[in-house]
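Some structures to go through are shown next.
In the two complexes below, subunit A is the common chain; its partner is subunit B in one and subunit C in the other.
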Partner chain A sequence: MSQPEEKNKSTVISVKKDLNTAIIDFLKEGIDKQVFDDVIIPMRVPAKDSFAYVLVRNKSILNDGFFLPPVMPVQGGRMVSSVTRLGKKDKKTAIIMRPCETRATIELAKLGQTNLDNLILISMDCPGVMPISDFLKDTNKQLKNFEDSANNLDDKIMRPVCQICDKSSMISGDLHIGTLGAKKGSFYLISNSEKGNELIEKMGLKQNENINSWKEKVKKISEEKKKKRINKNKELKKKIGGLDNLTDAFGKCINCHNCMSVCPVCFCRLCYFESDKVKQPSDDYLSRAKSKGSIRFLPDTMLFHIGRMEHMSLSCVSCGACEDVCPVDIPIAQIFTMIADETQGLFDYVSGRSLDEPIPFVAYKEEELTDMEDSND
Partner chain B sequence: MTKALVINNNYEKGLIDFLKNLLENGKVKGVFSLKKINKEGDVTFSLISKPEDLDDAVPFYPIMPVNAGSLMSRFTMKQPATESIIAVLKPCEIRAFVELIKREQGSLENITILSFTCGGVYTHRMVADDLITKNLSKYWDAVKSEKILDDLRPACRSCDEFIPYNSDITVDLIGNKDIDKQLTMILNTEKGGNLVKDIKGKNVEKNLNDKKLENFKDKREKEKKKLFDEIDPKIKGLDNLIDTFGKCISCHACGRVCPICYCTVCEFESPDAEYKPSNFETELNKRGALRVPPGTIYFHLGRLDHIAISCVGCGACEDVCPVDIPLSIIFKKIGESVQKMFDYVPGKNTDEELPLSTFEKEELVEYEE
Partner chain C sequence: MESKIGVYICECGPNISEKVDIDKVIDAVKDLEGVAVVERYKLLCSEDGKKFLVEQIKKHGLTHLVIAACSPRDHEKTFREVCENAGINPFLFQLANIREQCAWITDDKDEATKKSIRLTKAAIRRVRYHTSLEKKEIEGNPDVLVIGGGIAGIETSLQLASPVRKVYLVEKTSSLGGLINTFEKIYPNMELGSDLIKQKNLEIEKNENIKVFTETEVEKVVGFLGNFEVTVKKTSQDNSSQDFNVGAIVLATGSRLFDPKLTPQYGYGKLDNVITSLEFEKMNLSGKISLKNGKSPATIAIINCVGRDKKGYCSEICCMYSLKFIRYLKEKISNIKVTNFYSDLCIPGKRQQKFYEETKGKNIDFVRSKDIEVNKKADKLEIKYKDENGSKKNLSADMVILAPAVEPTIDASKIAEITSISQGNGGFFAEEHEKLAPISTSTEGVYIAGCAHGPKNIFDSITQAEAASGKILTSLIPGRKIEPEIKVSHISESLCIGCKTCLTVCSYGAISFDEAKKISVVNEVICRGCGNCVAACPSGAANIKHFTFNQLYQEIMEAIQ
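So, the complex of A and B:
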């Protein structure tokens, strides 16, 4: 778990009315003091039945900010990429997201899909998000339900992968809003980078305040979740281990590839598995059917999922976006989390943890994975 | 009257036996049908070559994992079938396939199409909840008695194109009380007739039961009117559109599963649709704020523009929408009004050209100044 280095600054911000208003006021002040020019924050959509990220420069619109919404309609990493993929943002933008969204953003920056120049990434302690289908059943009731659960640190109603998220307070961006362990009527603003330090300085905030109570609380929660995660991964591995079980787990898949569409780190404009490469002449399909008796059509269902796994498991942030959109309820985020924990563990890599850690696929080390080498040599 | 073959066997068992016979006698080399693929009973579209594998086929299973029109396109787009194939398709799947062929995305060569009067399909939600098997008898009772079930896809509940076009053989299901003991295959074409030549059964002259189908169509049309009336205020004017599409998460699953949306890279996922940093500046200066990623409604309007003329109303889009936007009814309503303008029924006639690629000197004069 990455913790802010000592040289980085932390401060305590007081909350007069509520956390949401305090953050809005903080952002307004930031614009006033020209620390940044605009912000990207979640807001309710006009019909009030969901939430969306909005890029805001007009301060009066900021009043509609809604931080930590109960659902994650678009993964923030994907959203930031849509803003900066074709070039760095012209003016300075502060972006408030959940930790797994910030991590996806860092990962996409490493993959050359996001330009971090002029962006200030701010994360928040995250209680998880609800599956969007649950939320939509009764938006008002579920919002209340979510808020109660979040206040009580109860994750029962959250996405299955949120229930086993041990990185819900991980700081990988420039700043972090820490609510855990904070005294009533206040929150921590914790810097994790030069950009973060600069912001605290420019805003004229008190520096180097003690954040030990936040650290302790975060440590306790993430250790508990980690334990739960290891157990859940084990259970799942038992259930879907082996080719037959794995194939059955994907038996209902309708090849919509929506898991890939919403995945923040599946950034390819044209997925290999939708490209011309996988389209065969009819004879090929027929000869496969003849040799096996019958084939599922399209025949490449497992190839797609295993291929996607191979392409992105090192960068998977376990956000659960994939599972949220699967029309046939395949526990896809749980499966990918289990695999990602193993592949990332192999390289001591945590997706999106730090901009300084290269993605293992692009880092060459002479001595690596020696245990996988042929023992006869 | 049309030639027909009546086989004294259950509609499903009878059809499987018929298909087996075709494979055994080498009349076809492959059968496309829905089939159970594992011990869990999951059903997917399959290409079957060994007769015994047909034991797990469920050709009339009331689900549509994928609109098989797009799968037939995948099968034939690189190379038309080189050997004889029979495909069991739902009416809207044939129509989608025909529309794709018009767009040079497939071929009917060497393919015999077997279809049926279609009672509609259950939703993916019910598949996910393992509710299909439990609801089979209810489904077939409704088909026999021309009833419309509430838990079908909304697109199916309101579908009035349940009699297939372009099928070589049509199995008579809707309103047919005898399906448990009799399989009735109407032989619409010579191709269809040739396939059944050596099959044991009663050769008769027969049409579909027009009266019962009319009755069924009335019910479907009533349902359609109801759904169209409900959707109307939700899509009139920009404000209502924003409310209806506001919860869209831009996953584009609707486009991905749409059989007509065949582009390898969608325009709206291409660099053309992406905002440059300067575009964001322009919008911010003009409006003070904008939703990101941008272009949520633009995508849907663009897709409508691209596919409305060919929308077959299969409901695949709505069934995958993670936020339950009533896409299929919106697209169907607008699709039908565009199609009406050109007197065009998508997938009805293989020889009829797409209105968008046909030039007529005198056309839509009422829109002229």
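So, the complex of A and C:
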């Protein structure tokens, strides 16, 4: 797990009323001191039944900021990419997101889909998010439910992948808001980059405060979750391993491609599986049916998932967005997490951990994966 | 237009006919969609066979040709020419390899026949999706870039420069001549190094077809034989860069010495009067061979093979230059006593043995030894060693000259990367074939000369320079057209999402990024059609002509039917 290097700065910010207000005040001060020009933060939508990212210039609107919303309607990585892909101008924007959203942003920057110029990425210790369908059943009650769970570090109501997330405090952006292990009435602001250091300096904050209590708490939680994750992956592998089980797991897929549409790292302009390249003359389907005995329509349902796995598992941040939108409850994020842990592990790679780590498929080495070669002999 | 496919199955004498039931293959494919005619023939690549094919294509008005025969490496070109002669586009043709992939790999005629049917069917299905591709021609540039201004680079430049062929000679230091600049004399004839360099410099200066760049490094090379785009950059002054186009490149980047500090037993860097061979050459050239305290040495030890174990190869030249050092010493210091510690005396060549015999003599010892250690003892150096019989011995000397292994120049890896060639043993540039193509590299149009290829004496360096020049003179004839690859990659503007993955994997620098449109663009003249970008493109935007997704899909679907 990435920990801020010693050269990076950290500070403690006191919380007078509540964490949310403290972060709002911090952002207002940042705008006042011209450390950044605007911010992108989550807010409640006017109907109060969901949340959205909003670009804010006006300080009075900042008061509606709602950090760590109970759901993730849009993955932040996808959001940042959509507004910066064609370049970022000279205004500085601070963005507050969850760690998996920040990691997706870093991953997309490596893929040329996000321009990090003049962005200050701020992440927060994340308690997880609820499945959006659970939340929508009774938004007020569930919001309370979420807040209680978050305060008690209880993840039972969170998405299944959040329950096994060992990177919920991983810092890959410029700054991180650390609440774990902080004294009551305060939070840590931890820098992870030059940009982060500069912000702490410019805001005139006390530097180099001791963050050991945060580190210890994070380490403990992350180790517990890691164990859980390994076990869950093992169980799942037993359940879906092998062609028959896999076919069963995806048997109820309705080919809606929702999982692809919301995936932050599925960035193709046109998915191969939505292109004409996979469409065949009907004669071909007939002959396929003839050779296999029968053929299921729509065709290539399973191939779509395998293809996506092959394309995206190295970049998957296990955010769970895909599972949230699956109308037929396929544990798609859990399956992807299991696969991603193996493929990324193979290259000692963690998606979005650091800008300095090239995505494995562009860092080809002649002498690698020789074990795999041998096992196939 | 309805496609009319002609399918011809070659018996290849007994090669295919004895192992594959050709009639069964004919039966299996004759009713496939688009097939107008299926015939067998005894040897299609023969003159009669080719004539037969041309007649068949014309007679039946064929639009596509499928041949089931040998490997495309053997005769794809032959049959493409047949197509051209018969007036159909050579890319409306597909070769099914039923010899190497069927007939030659099994004694089971049934299995061989079954697989032949699959491969032939797959070729027929594939050819239906082929499109005509047109040949391109560009004028090959006869000019040459020579990297490195040592003796190999100088000699290559002089050989090649002519009114119809310009040579760009790029040297990173401020003057030409390379290592020879430090040598007083050159073995085996002991002529003066300075004379040789002076004369070569003069020839270069006089030659108006050689453009010399000193204090300059090569920044970028993209392209192929006949068409390389080169960018060079000044290392001094303003770092200004310059672009030019050449048809071939000679790597004559030379060598340097292994750092003896990595073998601490010799005391280099810690003890006074332990010096490297190059330092000794320089000392000798300066006119005075002396110890740190200014006195003249009376006893000298020369230690060969420093770093040989670490590098894993013999540096070839050390034994000979050690003999030359003994000559220097005998000439300049009366009664000098020299001991040459060697592990294997390596003095091959028609004049070398005589040079050795003439060097031997009073006060000159050659000691075969191992486990050498140099220490300070009083004001002298003490050399501990084991002799041939393994007995421990020691010897005292005023000065120790080390002959360290020869290594490629410090920027060999950078140059290898820029020119897309590989490095072999010891980091020297790898030749295309150790025996059969020792000057060529894996990149067509890039050649190696001199120590960049491995440790070499001046004679061998010049031989290589002449060989590289010969290669270029025969392949880059001024005015001759070259044909860029036809089966190149194409990146769809509407599908490319601009992730730049293809830029990282392209081995030829053929892809650039259009910042305005945020998409990747292939330079079709530089692309060699390797397909790396197609495999790496996550969006399926890159496609290679003649190997399109659909063509491959159709072929595979039929083959596994």
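Worth pointing out:
FYI, the second predicted complex is superposed on the first by the 370 of 377 C-alpha atoms of A that agree within 3 Å, B and C clash if a C-alpha of one lies under 4 Å from a C-alpha of the other, contacts with A are read in each partner's own complex, and residues count from 1 in each chain.
Note that in this section a residue touches a chain if its C-beta (ideal position, glycine included) is under 8 Å from a C-beta of that chain, and two chains touch if they have at least 3 such contacts.
Every value quoted in this text rests on a predicted model; they were computed, and no experiment measured them.
Bringing the complexes onto one copy of subunit A puts subunit B beside subunit C with no clash. By the touch criterion stated above, A:Arg269 is placed in contact with subunit B and with subunit C alike.
By the touch criterion defined above, A:Leu111 lies against subunit C but remains apart from subunit B after alignment on the C-alpha atoms of chain A.
Touch criterion not met for A:Lys232: it reaches neither subunit B nor subunit C.
Taking Cα centres throughout, subunit A sits at the apex of an angle toward subunit B and subunit C that amounts to 100 degrees, reported as a multiple of 10. In the superposition on chain A, A:Tyr364 makes contact with subunit C only, not with subunit B.
In the superposition on chain A, the chain among subunit B and subunit C reaching more residues of subunit A is B. Using the contact criterion defined above for the overlaid structures, shared-chain residue A:Asn255 touches subunit B, although it does not reach subunit C.
Of the two partner chains placed by superposition, subunit B and subunit C are both touched by A:Leu86. Once the two complexes are overlaid on the shared chain, A:His311 sits against subunit C while remaining clear of subunit B.
When the two complexes are overlaid on their common chain A, residue A:Ala289 makes contact with subunit B while staying clear of subunit C. Superposed on chain A, the gap between subunit B and subunit C at their nearest CA atoms measures out to 9 angstrom in whole units. The intersection of subunit A residues touching subunit B with those touching subunit C, taken from the two complexes, comprises 85-86, 269-270, 275, 288. Residue ranges of subunit A in contact with subunit C, taken from their complex: 85-86, 111-113, 267-270, 272, 275, 277, 284, 287-288, 291, 311, 358-359, 361-362, 364.
Listing the residues of subunit B that touch subunit A in their complex gives 29-30, 32, 35, 37-40, 42, 44-50, 52-53, 65-66, 71, 74-83, 85, 124-125, 127-129, 239, 242-244, 246-247, 249-253, 256-257, 264-265, 269-271, 274-278, 280-281, 284-285, 287-294, 296, 319-320, 322-324.
Per the touch definition, subunit C reaches subunit A in the complex via residues 494-501, 504-505, 518, 536, 538-541, 549-550, 553, 557, 561.
Partner subunit B is touched in their complex by these residues of subunit A: 38, 40, 45-47, 49-50, 52-58, 60-61, 73-74, 78-79, 82-91, 132-133, 136, 247-248, 251-252, 254-258, 261-262, 269-270, 274-276, 279-283, 285-286, 288-290, 293-299, 301, 324-325, 327-329.
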